[in-house]
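Naming follows writing order (A, B, C and D), and every chain is counted from residue 1.
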Amino acid sequence: MSAFPPEVEVAIARTREEVSQLHAELVRNGLVVWTGGNISGRVPGADAFVIKPSGVSYDDLSPENMIVCDLDGVIVANTPGSEREPSSDTAAHAYVYRNMPDVGGVVHTHSPYATAWAARGEAIPCVITAMADEFGGEIPVGPFAIIGDDSIGHGIVDTLTGHRSRAVLMQNHGPFTIGHSPRDAVKAAVMVEDAARTVQLARAGGQTIAIPQDAIDALFHRYQNDYGQDAQRSMA
Amino acid sequence: MSAFPPEVEVAIARTREEVSQLHAELVRNGLVVWTGGNISGRVPGADAFVIKPSGVSYDDLSPENMIVCDLDGVIVANTPGSEREPSSDTAAHAYVYRNMPDVGGVVHTHSPYATAWAARGEAIPCVITAMADEFGGEIPVGPFAIIGDDSIGHGIVDTLTGHRSRAVLMQNHGPFTIGHSPRDAVKAAVMVEDAARTVQLARAGGQTIAIPQDAIDALFHRYQNDYGQDAQRSMA
Amino acid sequence: MSAFPPEVEVAIARTREEVSQLHAELVRNGLVVWTGGNISGRVPGADAFVIKPSGVSYDDLSPENMIVCDLDGVIVANTPGSEREPSSDTAAHAYVYRNMPDVGGVVHTHSPYATAWAARGEAIPCVITAMADEFGGEIPVGPFAIIGDDSIGHGIVDTLTGHRSRAVLMQNHGPFTIGHSPRDAVKAAVMVEDAARTVQLARAGGQTIAIPQDAIDALFHRYQNDYGQDAQRSMA
Amino acid sequence: MSAFPPEVEVAIARTREEVSQLHAELVRNGLVVWTGGNISGRVPGADAFVIKPSGVSYDDLSPENMIVCDLDGVIVANTPGSEREPSSDTAAHAYVYRNMPDVGGVVHTHSPYATAWAARGEAIPCVITAMADEFGGEIPVGPFAIIGDDSIGHGIVDTLTGHRSRAVLMQNHGPFTIGHSPRDAVKAAVMVEDAARTVQLARAGGQTIAIPQDAIDALFHRYQNDYGQDAQRSMA
């Protein structure tokens, strides 16, 4: 079971470290309270991902208590942390990794503004250039689905497949984001809350101005190709 | 008076430590300002509870200045801190411990969004799954009651007895929460503010979508039984 | 000039220390940005007060750069800091000390929610018990007055004399608060923002419920006499 | 290329240090998330400015990785950081430096309240004295313009030339601010968000009261001339 080849063991150790540390960004950006929210990361070169344990305080997370699961969401036996329960959203993460091979990281939060849009079942319209840059248009809503089977994962994959957005607002629930790496998915979780907040504030004060579609396209294209120190790659 | 058996002295010392430290969570989660808010914890194996002193800065709280009271809210003489005044909400905490034997912790804050609902005398409707998980439905309002007799404690107990919610919004006043432990009551205080904020933001932007009752029931049942590293137990 | 008797020198040194340190509470409670806001404290036993210098970063405040003024707001020569400019609100502080002999501290901020009420010229209605406790009723509005003469000080004193509230919302400007000590005035500055925020949030979601006047009176009386470790004294 | 005279090398080193450190103020004041936002500073005595690299975490900024550009926005070869990509807003900063010789610093953020006004294409009305002090009246809106040519820089310069305000809300995008130094431009970025928030909160609760024009003029004149420890100078 845990008899991974040595190079996979190294990849698992790196992913544990990365996923554990990234949780601090959820706290720093005000996206989570108490033990809510979770991050996972695909292990490069293996049919496995690393995810947060369930109901553990953010202060107590460490690389060692992250949990390794296979792509069915089953804990890999005899690995550090395997005696614990993984995040209650593990099935949804697993479904995404099984069905979206380019996804390297998944994040879920109940960040307040994004969850407010989710409670209305309302997509966030693209009225700020930062949304055009990051999400290429509106941030869509996924179906109402409750924990217990594949329905959350199904809703995420159905909504985001072929969509520019790396974020989906699951109705009455909250945002799930994907990325080519765990860090990229965390960035999307930060940016979806920022967009949800800014657009709600904008609309609360009066009529917003739409951005023309060709400008949205130009902004998205430029940002995906020219921003930052390396070429960025869109998930879409 | 303070001639407790040694095992109770140990339990008191542990409860002082726990209650003192938990106050930092009220600050960290933005639930309190200045010296407002208070936490108490029942001493296991004794008819006593530990509570914050009145009007002391959060920076100056320590296990030693927590105050031990009996279940009538009377300070236990000759114990550390007994020369000081306990929280002005002590009578309400005592009433809860006398009348709800499963309660191990009580928290009171004036957290802004929850207090806003309280000022309207309006229950928070269950339109997000996190509320269904944590509170099993709406968060109810308790009566208007002023400090000075048992009316606050009475209002809390009447509202929460037999209710799934561990939080009550006392009208014009603010939230009181209960839990099987002080930490559990603090969690409820954090989650009630988070729910109050998210649902207010949701409604501010338009119509929210109700969650079907059977889905609320399923979410509550699962969360109370399967979430976290141990079986959780509902107060209700 | 600076030839104060030794006991006054000691009192000045203590007031410098206290006023300097209290500014950290304005930052911690989110009441100020950049170099905005100011605190002063009356020197016990002398016709003098200590106030923040103008336009200095909160990171750079120290007991030494606080400025000593007489009750006309004139800098006391040859004292530490006397080569610098005091807060541009010094004349208003001086006017309060000259005309309200029980006042030991004055605070001014542009905290966002309180300033929002000030921009509407609207008193904050007493719909939460914390306001009844702390301010004994509504928080009043003072006149529009601009810097340059005694008009701000005049407006503060006229509004607060004989009023239970230790806070006034100067129209289009922001809150000024008074207290029997600098710390007490800072507490009032924290509590006025908390009240301004909670009541605005309450009203944003619908109709608030008024608190009966006799309940307000009872809460105010109790809080002024019984809260905390010592007898509190109302300014009114 | 990098063969600057020694006194310019000293000025570049100082500007790198200042611009690098000032980015912490954007984080501290909640104006930016993730890698968004940027600050630049003109190098005194040279046709050059220093700007943040593109897409680098705020934790990783240092004087060494700031980038030196000429006034056409072209990276100066063989200087530290010159192998990296500068902020994607570099062309806009360069345009401002070329066309506004008194400007010593430029800041851009997507701070939430200011960006909300920008998404509505609505100028912030001057209903609080802090705005009169700092901006001398309303904060104007600039045109919709997308990255890729001089259109953003053009919009900033056209809007702010001859205007008292040091801040412009670029439509659907966010605030740009200018100052006589990088620190002064950062102050304007902090104050524009504070004004945007307070005025939006004010208006959300009802009708605001206008400040008479002569009072605005008096407040602006006084603040530009008398506030702080030195004479301030308006950009306008």
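Here is the rule we use: a residue touches a chain if its C-beta (ideal position, glycine included) is under 8 Å from a C-beta of that chain, and two chains touch if they have at least 3 such contacts.
Remember, it's a predicted structure, so these values are computed and weren't measured experimentally.
Mostly differing positions are employed by chain B and chain C in their mutual contact, as under half of the interface residue numbers are shared between these two copies. Compared with chain D, the chain whose C-alpha mean position is the greatest distance off is B. Superposition angle, chain C onto chain D, using Cα atoms only: 90 degrees, a multiple of 5 between 0 and 180.
Between the Cα centres of chain A and chain B there is a gap of 32 Å. Spacing of chain A relative to chain C, judged by their CA centroids, is 46 angstrom. The residues of chain C that reach two or more other chains are 204, listed in rising order. Per the contact rule defined earlier, chains pair up in contact as A-B, A-D, B-C, C-D. Of all residues in chain C, only 33-36, 53-56, 84-85, 88, 110, 112-113, 115-122, 144, 146-148, 171-174, 200, 203-204 touch chain D in the complex they form. Across the interface of their complex, chain D is touched by residues 29, 127-130, 187, 190-191, 194, 197-199, 201-202, 204-209, 211, 215, 218-219, 222-223, 226-229 of chain A.
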